[in-house]
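Which chain is which? They are A, B, C and D, in the order written, and residues in each are numbered from 1.
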Amino acid sequence: MSVRVLFFGATAAAAGKRETYVEVADSSKVAVVTDLVIKHHPNLEGHKLLFSVNQEYAEQDASISDGDELAIFTAVSGG
Amino acid sequence: MSVRVLFFGATAAAAGKRETYVEVADSSKVAVVTDLVIKHHPNLEGHKLLFSVNQEYAEQDASISDGDELAIFTAVSGG
Amino acid sequence: MDFGELTTDPIDITSVARRVVPPECGATVTLDGYVRKFTSGRETLHLFYEAYEPMALKEMQKLIEQAKNDFEISNVGIVHRLGKLEIGETSVVISVAAPHRKAAFAACEWLIRELKRTVPIWKKEVYADGEVWVDGESEPPAVAGG
Amino acid sequence: MDFGELTTDPIDITSVARRVVPPECGATVTLDGYVRKFTSGRETLHLFYEAYEPMALKEMQKLIEQAKNDFEISNVGIVHRLGKLEIGETSVVISVAAPHRKAAFAACEWLIRELKRTVPIWKKEVYADGEVWVDGESEPPAVAGG
């Protein structure tokens, strides 16, 4: 299945893009997607990363379904 | 000596005036002035009264000098 | 800058908050008190605030000085309105700027509590069938010296 | 009414505070965060805020619901600005109206702390010699379920 991955702020700057797509097996865990993304965007390493699936915070062991929207970002700094 | 006494809010409404003057002996205490004022404005009785001398909170046993400005009022309710 | 003011004009919260902001501060906390429509179920038509003006200004300055002494804050602004106020109009604004917001919250909360206890301002509530000068609920201030 | 909003326009504190006022309430407490000129001594030229907008709006709604559940408050308004902000401009306003001001202070302080921890918005500081995406200082939120 194809998963859309979004970047924001520091991760968008590190990846040099605002989104990407990765192909993974059905029901893969978040960790599988993020490992693949980091492999292709090595500048993301060294950042403490947070993840969301369908606009909800998610842990690395959460499962992803086809069509889910994943996001990778650093600790938020609004306010 | 002559002492000017000011009323505000509930005490002005009870006294029917915003100020009065009383004649008392030199160095009289606040209580002497306020007793005299209450005697002449009986509607002030029944109110829990506060006092100031020269725009500072004062107790009943504070002494007053010639030219001092006394005020009689109820618990403040601003805000 | 710090300020304690009385005004018969409408109060703009933004302008009060802005005036207490120094460049090194990151947050202001603002308390906005306004005229309630209902007090214990009775409908208020409007309010009237009266002050012992010179003493009120002195007491506000004392509060500002004590707040700046007791809390890690940069600036304090207090504006209290006097005269006739319609429902929903702002009666008092207290704005506190601080490098850290925790101190700003604590100082602002302390200031409004003390203002209601010590600053000689009185509120008259006007109803359809009469009017009442409101008695303060708080203990009067202790007198230093006396 | 309650609201959690993102905007690229300047924020007017007064209008945010006004929108959370129900007729039975007596006080609003408002937190106004704004762009600091100096951060650890380094001069900021301007700031840029970016959000994961749909998730930020969801997280703001969660905070509003939890605040209304945990505190005795009537209404909450949160407006966060996005895009380029000049020094001194307001980045976030949180206004809480309550019958008793104590709950308004407590809820407002809780809301800004949680917003900084959970709402996906990021700040970029722009200096004369570069720019930095600021990393949040707080622990990320615990995930329910997972």
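In this text, a contact is a pair of C-beta atoms (placed from the backbone, for glycine too) under 8 Å apart; a residue touches a chain by one contact, two chains touch by 3 or more.
Note that the structure is a prediction, hence the values are computed from the model and not measured.
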Task: Chain labels contacting chain A and also chain C - done: D
Open item on the list: From the C-alpha centres, identify the chain that is farthest from chain D.
Closed with: B
- [ ] Could you tell me the distance, in whole angstrom, between the mean C-alpha positions of chain B and chain D?
- [x] 49
Task: Distance between the centres, which are taken as Cα means, of chain B and chain A, whole angstrom - done: 73
Task: Distance between the centres, which are taken as Cα means, of chain D and chain A, whole angstrom - done: 25
Open item on the list: Show the residues in chain C shared as contacts by 2 or more other chains, in ascending order.
Closed with: 33, 112
- [ ] Spell out the residues on chain A that touch chain D in their complex, using ranges where they run on.
- [x] 6, 8-10, 12-13, 48, 50, 52, 55-59, 61-62, 71, 73-79
Task: chain D contact footprint on chain C (complex, rising order) - done: 12-14, 17, 21, 23-34, 36-38, 87-88, 101-102, 105, 108-109, 112
- [ ] Could you please specify the touching residues of chain C with respect to chain B in the complex?
- [x] 33, 49-52, 54-56, 58, 80, 91-92, 112, 115-124, 133-138, 140-141, 143, 146
